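Take this structure first; my questions come after.
As written, the chains take the letters A, B, C and D, and residue 1 is the first residue of each chain.
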Amino acid sequence: MAERTMIEAINMALGRALADDPDVILFGEDIGIDGGVFRATDGLIQRYGSARVRDTPLSETVIAGMAVGAAAHGLHPVAEIQFMGFLYSAIDQLTNHAARLRNRTRGRLTCPLVLRAPYGGGIRAPEHHSESMEAMLAHIPGLRVVIPGSPARAYGLLLAAIRDPDPVVFLEPKRLYRATSETVEDNGQALPIEQAVTLRNGTDVTLISWGAMLTETGAAADQLEAQGISAEVIDLSSLKPLDRAKFRTSVEKTGRCVIVHEAPLTAGLGAEIAADLAEHCLTSLLAPIRRVTGSDTVMPYPRLEAHYMPSTERIRQAVHDVMEYA
Amino acid sequence: MAERTMIEAINMALGRALADDPDVILFGEDIGIDGGVFRATDGLIQRYGSARVRDTPLSETVIAGMAVGAAAHGLHPVAEIQFMGFLYSAIDQLTNHAARLRNRTRGRLTCPLVLRAPYGGGIRAPEHHSESMEAMLAHIPGLRVVIPGSPARAYGLLLAAIRDPDPVVFLEPKRLYRATSETVEDNGQALPIEQAVTLRNGTDVTLISWGAMLTETGAAADQLEAQGISAEVIDLSSLKPLDRAKFRTSVEKTGRCVIVHEAPLTAGLGAEIAADLAEHCLTSLLAPIRRVTGSDTVMPYPRLEAHYMPSTERIRQAVHDVMEYA
Amino acid sequence: MPDPLAYLDATGAALGDLPGFAQDGEILRALYKAMVRTRTFDAKAIALQRTGRLGTYASSLGQEAISVGVASAMTEADVFLPSFREHGGQLWRGVSLKELFLYWGGDERGNDFAKARQDFPVCIPVASQFPHAAGVALAIQQKGERGVAVALGGDGATSKGDFYEALNVVGAWNLPAVFLINNNQWAISVPRAEQTHAKRLADKAIGAGLPGIQVDGNDVIAVRDATERALKRARDGKGGTLIECLSYRLGDHTTADDASRYRDDAEVSPHWKAEPLIRTRNHLVAQHGWSKDDEETLLRSCRDEVEAAAERYLATVPESPRAMFDSLFASAPRDIATLAEEIDDG
Amino acid sequence: MPDPLAYLDATGAALGDLPGFAQDGEILRALYKAMVRTRTFDAKAIALQRTGRLGTYASSLGQEAISVGVASAMTEADVFLPSFREHGGQLWRGVSLKELFLYWGGDERGNDFAKARQDFPVCIPVASQFPHAAGVALAIQQKGERGVAVALGGDGATSKGDFYEALNVVGAWNLPAVFLINNNQWAISVPRAEQTHAKRLADKAIGAGLPGIQVDGNDVIAVRDATERALKRARDGKGGTLIECLSYRLGDHTTADDASRYRDDAEVSPHWKAEPLIRTRNHLVAQHGWSKDDEETLLRSCRDEVEAAAERYLATVPESPRAMFDSLFASAPRDIATLAEEIDDG
């Protein structure tokens, strides 16, 4: 069985969805003959035709709004926003319509759409190409927000998102697109969409992260292990709704928690996790909950980008702080 | 000196800004001859003319984007979005431009704009007219987000926002527009824009809220006092940046905290406050931090709206829970 | 043909040959009845709002010919995506009076239409229904259905990016969609002339490579005829059309608005002579023997029907608070479920 | 006048009388030099990117006549709001080669222009510069300045709501703004024909009630002439203009793109004959005694200047990490300040 990168796994899932369900349709900018600027849709127009794999005009608002209309009328649109930095023009349609169509019609009209977008920094991209604003979307009632942490989870979670009867924003950590590969079987099996995943078990501290920062988080856990600190690592995977049970249980066990995300600190999703723990697991806490995040500033241009991103070193340091806390 | 409602105080501040600074310009939908749908700009076009008080076409994206361009070229635009539910189309211009123009030009071009919008529910308005999505904006690096809690603070904070050299989103709790009045002097004095305000001192528990929910929060504090529980009440006022020192100090004193906001729970701004306290005041905490918020669902239509909104009763109950915690 | 397209003048006199359907008294009577029914609903809705028994309401007074004309040209296979001012079209499509009362009374069940189940509910965010219409048209095209997506918005909506982006993709993808503009000359307090410098709103179609047609929006025959042609064109795979319907907002913007703040009665009054019901009635009287009796019977039956629907609306018990979670997702995530329970517990 | 407006054919032969400025050899030489300088910068930027010393870069190969023509028509009082592909215009306006290298090298200091301090930096979010231009024009109008806001975007930008909303308000408020489209026939992999069904992109002006003009974007004389007329019109208080400049993207979309995936060389090669430098050089040779020497001297001086600027760019020390906070606000909020310190501590 072949090893697949995340971008290959995504391409495989999209192909599978097109093959399995005639109502699945893909549209976005440059997803056709170009195969998407990251090649997520490479080869799909050749296999499924230009009616089901469509290049849109350069119009993010209509990409999102058209997905709402198409979904309500029986298609399962999987629309792509080329970069998260250009997703802001889609927020109105997502918030005011996609997220509430089922609710406001009491189930008469539904919105089974997926909006895919690469997000995050670390690839020395131009400005506006490195955003991680997932918390904005995770605040919108009625939306699901999913971020895969590995090729296999990208495959299974994207299939789950496409089959989900409600709108899902599927954010792809572009730094992981080609970073690693693993065995991914094209078995058409979706993964449960609402579950966080424990990547490694540990007893001293719980590290919670998602997307590309799982790399630094995992590296920190390795180094800590060598230093005799046992870290449990959780890939949040579903940013909305949250698998609160999973991380509460873990922190009740370890008593310590460090949350890692690339997005700016203030009002980032790490805050929701820390707040939840502060309310529901207070007595289990042996140390303050630390958040290691991107800086509360605009993502810098490539020359300073590395200083913005949370480093393995900063994560490790935070864990040492909570371990030494007394 | 006359008593003023919040909407009158806002109108007074706008008039004062127009009188004091020839570079101040107002634009938005129906702010001219109609005086704004809530009358915030009542009489201003008559006093300052249709060149400085302008009705725009129905285009929220251009309202925000035009404000960026005008601000960068020397005006101080005070633009109105008629309701927060229609502000989503302005988020792209706010995030990608207003919030970063100074930073990306290293100070060469700046963006001294104010974007005003009424927000919040409780007035039995049609759908999309009762949003409280302030947390989405508070996550955007480079923006200031301010919410006044009383007529006097509305006057002083709006003047501060207009005089601020950087972009400020000024969210007006429409339920408070005419709810109460107090003496507001038209003295042209701005209030410090980054400070939370302690509305009442207390020793047992810290209640943190903002906007219209200060009403229920204050009412709860009254009832609690009668029951011998001394609540300190803080009006956050500045949602970004946060006056962290103010609420940390308070919770270090009281050891208990209940955060109240109208927005949905998940990834609401209450999470940031709770997370901050969980990191910096853990040892002072005598009880879990509770959040009493709007439900994690779409704001219902008027018939169910009341059930969505946090009630005085729910706030009081939460305080009793944390007081009885052991 | 006159431009803007018109068949009846303000007095109801024919300006020339009428299209086939308009020579059929049955059809004309049905159109007239639908407009009267709409206006009766309108008056009742305002009365209920004034007495605190309905929420903020947007009256369609004087613009009934537009959505009635449009809807009457549509088939079951078509999908209607209205703004918040097109009650007449919704009623023609089979949405019930009680459902409309429920919606405007602040009850989501008003959007759970028993009939016209594919139609979209009222769209409050101006112009955001046009991208939805493009999406519905895409689904229709993709599934090889016969229908057409028909979206209706106001003159103010033509200033919004959503409108242009949607119109452009309808042109680029040759989608079966018809966009109509109810140009009632006002966007709350902003007059048409200040909304855009375009000569005709219909001209906004040129930038999308689509035909843009102007019709007398107070002439239900003209509206229906233009819509029928556009629907046929779309069904024949020839693509979309933009139709600007010229009318006038005789009432306030909504019950929350006071139009006297920004326009004089002097401007309004002449438009009362041009409103759609008079000319249709006159034409029915002159050409199809519409009698005083017919008129009174119609008014009475509309009044009775509307009163009965209002009673049923007022009698409906609000949903349980849990309802605000029940339809949020197909199946409630654990997260939401727990929160819902908390609500129950008060 | 020919439509699209053109003065030189692809060989450099005059199609008719040239505008005054174009009969002046000095001016023509300056325009030609600016285009050659731009192309020299372009080649160096690509070379640096290929060797990992510059970030993703958008080449303006074959489109130099557009932004050079536009900028050469502008005065100091005007404000330029370019997309990411209009280096020639930025250079003409006084932005330095080093500043451009810094920007594309991933250093914000590249936007802190020493000259042209009122001009906007490169705009990456497509079409979002057009609302800014409307705002700049509003400020100019309000302050009674002489300037005009000049925004330049691509053919793809005309599909974005920002573009339409901005164009509409320029018309509605009679703002001194000129919007130009670099129609290089491609938006990454999407050809012009799939972007919109509009006959001409210039026709998008009709919906805003503005004049829309098409010019040969490979004819620097035509671009400058059309821009001068539009600027005069705006200065005279007659309002905005949309100008579509027809050109062709000879290179990849950016250094991150591989155009061979979606277009054949067969399509590209004929456009090499129509590119703007050849015809201008031929015309200079034929009409203004431009010699082999002149050409070699020009190429050498451009190469030397660009090489020197690249050296200075490569020699600049990156800013300290603190810089990412220093310009976020006029004065750092307490909140940010503390976080900044944390960064320092590693």
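Assume a residue touches a chain if its C-beta (ideal position, glycine included) is under 8 Å from a C-beta of that chain, and two chains touch if they have at least 3 such contacts.
Keep in mind it's a predicted model, so treat the numbers as computed, not measured.
Visitor: When I count C-beta pairs in contact, which pair ends up with more: A-D or B-D?
Guide: The comparison resolves to B-D.
Visitor: Quick check on the interfaces: B-C is repeated by which of A-C, B-D or A-D, going by over half of contact pairs matching?
Guide: From the options A-C, B-D or A-D, the copy of B-C is A-D.
Visitor: For chain A and chain B, let me know how many angstrom lie between their CA-based centres, rounded off.
Guide: Distance between chain centres: 30 Å.
Visitor: Can you work out the whole-Å distance between the CA centroids of chain A and chain D?
Guide: So the centre of chain A lies 36 Å away from the centre of chain D.
Visitor: What whole-number Å value describes the gap between the mean CA coordinates of chain A and chain C?
Guide: Chain A and chain C have C-alpha centres separated by 40 Å.
Visitor: When you check chain B against every other chain, which residues touch at least two of them?
Guide: 57, 59, 61, 85-86, 89, 92, 96, 103-104, 127-128, 141-142, 241-242, 266, 296-298, 301
Visitor: So which stretches of chain D touch two or more other chains?
Guide: Answer for chain D, listing residues that touch two or more other chains: 108, 125, 159-162, 165, 168-169, 172, 194-196, 323-324, 328, 335-336.
Visitor: Under the stated contact criterion, what part of chain C meets chain A in this complex?
Guide: It comes out as residues 79, 81, 108-109, 111-113, 117-118, 120-121, 125, 128, 130-140, 142-143, 149, 161-162, 165-166, 168-169, 172-173, 323-324, 327-330, 333-336.
Visitor: Show which residues of chain D lie in contact with chain C when the two form their complex.
Guide: 159-162, 164-165, 168-169, 171-172, 174, 194-199, 203-210, 239
Visitor: Tell me, which parts of chain A touch chain C in their complex?
Guide: My answer: residues 23, 25, 51-52, 54, 56-57, 59, 61-62, 64-75, 77, 89, 92-93, 96-97, 102-110, 141-142, 164-166, 194, 241-245.
Visitor: Under the definition above, what is the set of chain A residues touching chain B in their complex?
Guide: Result: residues 61, 85-86, 88-89, 91-92, 95-96, 99-100, 103-104, 127-128, 133, 135-136, 138-142, 240-242, 263-264, 266-280, 282, 285, 287-291, 295-298, 301 of chain A touch chain B.
Visitor: Touching residues of chain D toward chain A in the complex: what are they?
Guide: So the residues of chain D touching chain A come out as 55-56, 84, 105-108, 124-127, 156-157, 159-161, 187-190, 194-196, 256-257, 261-262, 318-319, 321, 323-325, 328, 335-336, 339-340, 343, 346.
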